[in-house]
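Please find one structure pasted underneath; my questions will follow.
Here the chain labels run A, B and C in written order, and each chain numbers its own residues starting at 1.
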Amino acid sequence: MQWFLDASTTGHKFALMGFAILLFAAVMGALLFAVDRPRRVPNWVVAAGFLGPTLLLLLVGLVYPALATVRGSFYGRDGSEFVGLDNYATVFTEDNFQTVLLNTALWVVLVPLVTTGLGLVYAYLVDRTRFESLAKALVFLPMAISMVGASVIWKFVYEYRPDQPGVRQIGLLNQLLVLVGIEPQQFLLNAPSNTFYLIVVMIWIQAGFAMTVLSAAIKAIPDDVIEAARLDGVSGLQMFRYVTVPSIRPALVVVLTTVAIVTLKVFDVVRTMTGGQFGTSVVANEFYVQAFRQFNFGLGAALAVLLFVLVIPIVVYNVRQLRLAEEIR
Amino acid sequence: MTTTTPVIAPAPPEERKLGRAERRAVAAKTKLSSPAASAIALLIAVLWTVPTLGLFVTSFRPELDIRRSGWWTALSDPQFTVDNYNEVLYGGGTNFATLFVNSLVITLPAVVIPITLALLAAYAFAWIDFPGRNILFVAVFALQVVPIQVTLIPLLSIYVDTGLAGSFWTIWLSHSIFALPLAVFLLHNFMKEIPASLVEAARMDGAGHVKIFFQVLLPLLTPAIAAFGVFQFLWVWNDLLVALTFAGGAPDVVPLTVRVAELAGTRGSDWYLLAAGAFVSIVLPLAVFLGLQRYFVRGLLAGSVKG
Amino acid sequence: MNMRARGRRSTALAGGLGVALVLAGCGASETSSGGGGGGTAEGSDLTIDCAPYEEFGDLQGETVSIYTSIVDPEDQPHIDSYVPFEECTGIDVQYEGSREFEAQLVVRVQSGNAPDIAFIPQPGLLATLVGTGAVVPAPAQVEANVDEFWDESWKAYGTVEGEFYAAPLGANAKSFVWYSPSAFEEAGYEIPQTWDEMIALSDQIAATGAKPWCAGINSGDATGWPATDWLEDVVLRSAGPEVYDQWVNHEIPFNDPRIVEALDTVGGILKNPDYVNGGLGEVQSIASTEFGDAGLPILDGSCWMHRQASFYQANWPEGTEVSEDGDVFAFPLPPIGADGAAPVLGGGEFTAAFNDRPATQALQTYLSSADWANVKAQVSGPGWVSANTGLDIENLTSPVDRLAAEQFQDPDAVFRFDGSDLMPGEIGAGALWTELTNWIANDKPTQQVLTDVENAWPAS
């Protein structure tokens, strides 16, 4: 038993890893074999074989904690005293939380739209050019960088030093301002514009994802569609507007949805760059602060539940897309 | 799919002789011959690269220079050192090679397991007709929004109760769980794109679901799987929160990111080391990305639609 | 209890003292940016009396885990300081440091995965953890050590509702003003002995067109804490220790007139455009300057004084000479009014245990002993000190640490713990940080800042 839990040498670790993957393969293989064997089994049995392990993991790992959170949101600081809707009242009435809600709204609207827009334009522009793979690698690069790395990178962009003799700028942006004769700015300090500078970081990180998925979708547009349009004399911007964009609509929905949800959950960027100070906090960050720094689990849970609620419009939109797709099929 | 060529528009004769790739190339040429278009593409590329370039230059600068002047000054007055890398790699108590191995051992199963599970689940949602399918799919999709932070205490409690805490198993399981909703959602989208005729044809031949999944769908989805695999690899490799919580207390398990996050020192006084630290942790993901890049360039869906 | 699924690192540690100290030596030589000759001990003389640990029985092969917020490079001296204890008892001490310590400790304790021992940097957090029932009271041996070696104010900070839980460990002295002795000498400035002298000196420097003070309160998600130290230091001086205690315990309102006066006194420096922010910008720039970088303008002469704790010595770049007549040094923040020694504001960690296994208690006992403090002093570079009166000041390598230790051991000096660490989390690690940041960044009026903190104080 100990062998399976404690691995301290490199060989042992890799052996354990191999064992884990083999074990997983064996379990899944046996499961699929079992549901596939009988000649005529009802569909739901087969579906259970395909879906079962996933649903089990999700129930334990996400559904149960989510329900516990919903419950916790109606309780006090340490979860012992029932307080009804008090936590929600706090969230919606206190000034600090008003700012948090407004910021979250800004993030969840701006990040997906700008990210998807930029990713789309860029993917379209570099599509099938000679530099395509280099060009894509450059925009993809931020995806390979951890949040800690990204926040260091942007520190060197936004960093402020006063415009005094003998003091040199460390931040690139302020250096550019000084070069054109403008006073250096406190980019991360001045609300409300500081939220936008943080949003830029998130867009920078996520654009690679949008670009990659959308580029793939663009390449999947059948040749004859493009050919037909070309023969009709469509070109340039019109081609983009009337052929490319409608053809990749499903991919656009996927990207917008994914980025929106990732953005709702984002807290690393805010936390590492401003710590949520200076009026930049968002719901996900505030949850972390309340639950783990201020030991106010009830209030933290209420904020998390707010996140669940905020995602409902996105879910509804996707369900409608799903319906549409079903009908077409 | 239609194969009708519009009759009306008289195509220029020379274009008819061009192959498909060449025609696309011509199209591309027209696009990029517009100076505005190339300018926009170039601008985006530069904006996306310069911050990282700055970090790269910074990572080789001496401490005092990093603290006192911008990285661009190193371009006119080059003062470079590998001290930061020495400090990052050999300065701490933990052997860096061990951390690297840990990261790798964590990452591989945390990519393979959720993708396999998600593929099977996505297949069920896309091609098996069973009652409650759509509601279940929406539910799985909606679980994407559960923030990892709310799961930490409940999950860790379960791991402690089962005696798994502090082993690789908890990290593999946790990453798999957190990846599943998005993986099912994305792979389901790719899965749906596959022409129903292919699946129907296989069904006519008497193939069961398992056979269809492995023999018809999997080969077609290879590029999409590789692409999603790269994303999952990057997310797991760069993860800090999961590793901190579930690998905690077990020096044999903690990955690279945990060490990099500690580099700045107890009170943040050594932040100048972060540039070098960030680059050390980027090396492998970057290599993976470059190695698998052809899948991205060919397109996630290229295989499926072309059959 | 459940089987522990921890990796065993005994092989690495069994290598013993030699290996560990070689590691420590090279770590120190590369990271002792404070200069001042980061000498580490030679190792051979690091032996302790094993007798106090024999009463815990045979502990051979036991493991004790420690979880802390102290990370690289300060962690290695900690690990090294356990070696004599490990040799005495055969216990394997597993050390884990994390910058996410505070949030992660809560997660672990709530999940039933608590470490054996945690070094807790705030009495407020200690009280919260005790409230969850997870912390066990300190054994008699530890209490005896603390009674012998520590001032009773320190013991009180490790006590929750009359029960003694946690012995103090390391300490830091916060009431210091960093300056450049060489620059002072060149300009003919004297170290001020009273607050008035300090203001007079500031005016004198400002009259030359220079900015006398530099400050920075940015610290990621803890932005604002250096400003709380300023406020506490002044309250302790202008209103006195009794009022300070009442204020911290919320027995007087947070916006009591004496506190308003104290914050205005701080504002006389931090919000005085003639005084700040040397080499860093306008008053506002204090809010965005990393606290770790805020004193550095002293080195190039664009700033003259920087109030920060003794641990700031680690922030001076490599090659800076930290000594009484070197590039930089510190003087105690002078008292307000004429009488007596300057009060000392400080912080420190406390060792809380989450179980009462003999091995855990043996380690607790070691950590509260004078032996440990002296071993730790010998394996540490500059930047570590303890309020343990059994600590031989000669063992400390840095002159600033010696200065701090002298303050801690001076029976006449009034010591008070950093108040923001004693207040409830949503004040001391929340509203107070945010409001003082607003006070500087947005020029929010003093009265309103303190009233808003008062309103945020949790009811109960």
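In this text, a contact is a pair of C-beta atoms (placed from the backbone, for glycine too) under 8 Å apart; a residue touches a chain by one contact, two chains touch by 3 or more.
Note that this is a predicted model, so its numbers are computed, not measured.
Ranked by distance of CA centroids from chain C, the top chain is B.
Chain-level centrality, scored on Cα centres against the all-protein Cα centre, points to A. Chain A and chain C have centres, each the mean of its CA atoms, that are 38 Å apart.
For the pair chain B and chain C, the distance between C-alpha centroids works out to 41 Å.
Averaged Cα coordinates give chain A a centre that lies 12 Å from the centre of chain B. Among the residues of chain B, those touching two or more other chains are numbered 67, 153, 163-164, 167, 252, 261, 271. The multi-chain contact residues of chain C, meaning those touching 2 or more other chains, are 5-7, 9, 107, 219-220.
Multi-chain contact residues, meaning those touching two or more other chains, occur in chain A at positions 5-8, 288, 292.
Contact residues on chain A toward chain C in their complex (touch as defined above): 5-8, 78, 160-164, 166-167, 186, 188-189, 271-272, 274-278, 288-289, 292-296. Chain C makes touch with chain B in their complex at residues 2-7, 9, 23, 26-27, 30-31, 33, 65, 67, 69-76, 79, 94, 96-100, 104, 107-108, 110-113, 115, 219-220, 290-293, 296, 311, 314-315, 317-318.
On chain B, the positions that touch chain C within their shared complex are 63-64, 67, 86-87, 90-93, 152-153, 156-157, 159-161, 163-167, 244-245, 248-253, 258, 261-271. Within the complex, the chain C residues that touch chain A are 5-9, 11, 102-103, 106-107, 128, 131-132, 219-224, 277, 279-282, 284-285, 287-288, 300, 302, 425-426, 429-430, 433-434, 437, 441. Against chain B, the residues of chain A that register as touching in their complex are 4-8, 10, 13-14, 16-17, 20-21, 24, 28, 32-33, 35-36, 43-44, 46-47, 50-51, 53-55, 57-58, 60-66, 68-69, 118, 121-122, 124-129, 132-133, 135-149, 152-154, 156-157, 168-172, 175, 204, 207, 209, 212-213, 215-220, 222-224, 226-228, 230-233, 235-236, 250-251, 254, 257-258, 261, 264-265, 267-268, 284, 287-288, 291-292, 301, 304, 307-308, 310-311, 315, 318-319, 322, 325, 329.
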